[in-house]
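One structure coming up, written as structure tokens, with questions to follow.
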Amino acid sequence: MRTLAPRSRIAVAALTLVVVFVSSILAAPTTRNGVVLGLALDGALASLSVLSSRDLRKRRPTLARALGSVVVVDVALGATFFFSANTNYNLAIGAAMAIVLLGLSFLTGISGQISLGNSAFMGVGALAVAIWANHHASTPLVVTLLIAVACGAVAGLLLGLPAARLRGPYLAGMTLAFAVAFTAIVNSFTSWTGGDAGLQLPNAVTAPRWMATLFDSQSSPLALNSAWLADVTIVAAGVSFFLMANLIHSRAGRAMRLLRDNDVAAEIVGVSLARSRVLAFVVSSAYAALGGGLWTLINNSVSPPAYSFALSITILSLVVIGGIGTVSGALLGGVIYAYSASVISWITTQTGLNPQGNLASQLNGIIFGALLVLVMLFAPLGIVGLIRRLHRRLASKLPG
Amino acid sequence: MITVTSLSVAYGAVQALRDVSFQAGAGQITAVLGANGAGKTTLLRTISGLVTPTQGRVDFGSTALVGRRAEEIARLGVGHVPEGRGVISEFTVEENLRLGSMFNKTPLAKGLAEQYELFPALGERRKQHAAKLSGGERQMLAMARALIAEPTVLLLDEPSLGLAPLVTAQLMKTIKDLCEKKKLTVILVEQNAVTALRISSHAVVLNLGRVVADDDASVIGEDENLRQYYLGMSS
Amino acid sequence: MDAFLTSRIMSDVLGGLTNGMIYGLVALSLVLIWRSAGILNFAAGAMPMVATYVGMVIFVSTLGYWPSVVIAIITGLTIGALTERVVVRRLYGKPPINPVVVMVGILIVLEGVAAAIWSTVPRGIPNPFSPIDWQLAGKPIALSSFSLYEIVTALVVMSAVAALFRFTKLGLQLRASALAPEVSRLLGVRVGRMLTLGWALSTGVGTITTVLVASNFFTGLTPQVMDGIFAFGFIAAAVGGLESPVGAIVSGVALGIVLQFVGDYINSNAIILVALVILVVSLMVRPNGIFTRNSARRV
């Protein structure tokens, strides 16, 4: 205990620095270099404080997770100042997807349920942002995103109530029906949703003024746009990951894992099966809605047909490939998603396929579907599982 | 005749049977006795191919059984009435029997008539769902379903479990009669040692997966030590 | 009488009956696998779809309609059996999520491969039945020789499956393997083979269904032709209870008729919405389905 005190002081000092840093930006956002320097300083201190205390993760897990998130977010934020507009766009899309993946990974891996309807929950969030922004353009960005999250949570609750009593295939089938029904729902309320054509965001929804000044005014408008959007998404992802890591290790999270492994035993020790299942479903839907809402911001518009059943499959594939139930797997899945289109077009050109041909246009689905089957059969914990296995093998070979 | 030689079975880290050897003579009833968890059920499941042993052999006459699949062993003529009877509740009495007679040579009608003669209670309820039968009737149905397949070996797992003493006595008598009439080789797993020993000619006592005694039923029934420590019979 | 037969209500009933038969068949094919393997086959539309392409696109122009149908069915049986042997066999005893994910993966791969080979452009399948509604006293009645072909085929398939299960030795073994696999093995039933057969049978039923759907002049064959129908078939199976073949068929037909009225009196967008509501409500009221007697659910 005695040794902890100075170390946690370092940690607290680092957190203070974060606060100082953020408030200094708010107070005097001047040059891009200053910001990058601040980020680097802040990230370095946060990682230093994590490293300085070897048992921080054990003794103060929440603090450790907070510092960890700060480090990753800082690095990503700093990088957006150097990336091209295109890279920043991919980064933003991938980071938003990572949020969605985290939600499903939690639902499937921790709570043992499955959803094939997360594309529709994304769509709910995406439409919520667009509809709200079109009616109340002056609402702060954070509030608009929170409204999207709330809409997703409510939709999740509606569908999750029956889900509480359903297992595996029944639940999967019901969420599939929801995913299929989403387009019909959108088309039933055309005056609100814009039907298949979707909605544009009003021009008023741009970066908050204090943010805009952070960025190099010499950049092209697109670059400017994607950089701040990437930053917003990265921060949102950082917060989401931090909250999720805490949820997984909380009492509720432990109860869910107990339920997943043995529901009879869990009920005996007093865990409510229904409440736990519904909670997991709501969280997963809320995360999906946040991801969808961010996509609307990034694209400056929403196109409901994009949120079809096929997207649900992509989401499921990415979670499985990354590693079901793992936080790092969700992050990995986001990265894979951001680059999957480029990888597939690279494969197309390398193999000399006609890019307009049938095979090239189906390559995405075929590859993801095949990976889904192969990973589930031969490496059920995905890439993260493979890395862990490798790590264990190396660790067992090393002495000590 | 069933010959078991140095049979060992493990479920993960749990060793259920260790180096078990014994012989169940043709046309005889061999009782397998022992407390809960002694490995009696595992022994029967290994003989009928549901469990793969880690080592050892099981021979049915001159046929090696280990390595064959359960369905193949059943078709060779080894009938197994499992613990809890395994009657299919959703089936009618007659459907259960039809399932049993799937792979024998005797025509279905003749087989059915024979079983209904042996167990008249079943004949009266042939069209009823097995779920509606009493415990004793379910045991009869399970036996009849095994017998209609015309086995040469019959493995019985705790047939008396949950039955009233009077019903048990009747059942045991039926088993003994059948064994004599059909020249059946019976391996009878029982916790109720008194009842089992009364009709058996040979007995094997298992404790924690090992054979602790293997002798004539009368000798085992007289052994004070066995009676006290393994068979739960007061002297 | 004539006026009644050509009335709006009657044409909704007849139109709904035709669709409902199709939903009932899909539901039946889902139940066949669910009962034996405890797996909901999400590729229950895609596997038959490939079989239908093989039969009805490759062979129809040279061999004609009926021989191509036979080829499609044989292909379907083979695809079902192979899937069980090669893939599904590795999934028994795994957490219930694993088969869901794998079957979804197979769905996507098959649809992708079919689109890569045959493109997504609908293919009409020439067949001997006219899609034009019959007339009664100058007014159309919602029946054509094609819809009658659909209804009769569905009834024949359903009766054949029922007869197989009820009256044959094979059916008895199939049912026994599903209800009590271990006991069945002890009685000499080759349970593994029964599972393979169950998948083959289910995909065979699915193939007949897909051939019917794709032969419809107004639909044609596309790689995703069964997607929506699968959703309705699943809803029917879940409402009826995945354990009960009769329940699956009855609720399939009922769903078809109800949804026809919804489409006619509200609009086509409302169809899937109402179906979803029916599913949610019925699952909340009776999670095991209307036609399932026992309350214990496997899995």
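To keep things simple, chains are lettered A, B and C as they appear, and every chain counts its residues starting from 1.
Following the convention adopted for this analysis, a residue touches a chain if its C-beta (ideal position, glycine included) is under 8 Å from a C-beta of that chain, and two chains touch if they have at least 3 such contacts.
These numbers were taken from a predicted model, which means no experiment stands behind them.
K.L.:
Can you list every chain in contact with both chain A and chain C?
P.N.:
Touching chain A and chain C alike: no chains returned.
K.L.:
Going by C-alpha centres, which chain is most central here?
P.N.:
Central chain is C.
K.L.:
Most contacts: which chain pair?
P.N.:
A-C
K.L.:
Averaging each chain's C-alpha atoms to get its centre, pick out the one most distant from chain C.
P.N.:
B
K.L.:
Distance between chain A and chain C based on Cα centroids, please, to the nearest Å.
P.N.:
That gives a centre separation of 37 Å.
K.L.:
Chain B to chain C: how many Å between their CA centres?
P.N.:
44
K.L.:
Can you compute the centre-to-centre distance for chain A and chain B, using the mean CA position of each chain? Integer Å is fine.
P.N.:
So the centroids are 59 Å from each other.
K.L.:
In the complex, go through chain C and note every residue touching chain B.
P.N.:
Within the complex, chain C contacts chain B at residues 169, 172-173, 175-176, 179-180, 182-191.
K.L.:
Along chain C, where are the residues that touch chain A in the complex?
P.N.:
Interface residues on the chain C side: 34, 39-40, 42, 87, 90-91, 94-98, 100-102, 104-113, 115-119, 227-228, 231, 234-235, 238, 242, 267, 269-273, 275-276, 279-280, 283-284, 287, 297, 299.
K.L.:
Along chain B, where are the residues that touch chain C in the complex?
P.N.:
Residues 48-50, 69-72, 74-75, 79-80, 82, 86, 88, 90-91, 95, 98-100, 102-103, 145, 149.
K.L.:
In their shared complex, at which residues does chain A touch chain C?
P.N.:
These residues of chain A touch chain C: 108, 112, 114, 116, 159, 161-162, 165-170, 172-174, 176-178, 180-181, 184-185, 187-188, 309, 313, 316-317, 320, 324, 358-359, 361-366, 368-373, 376-377, 380.
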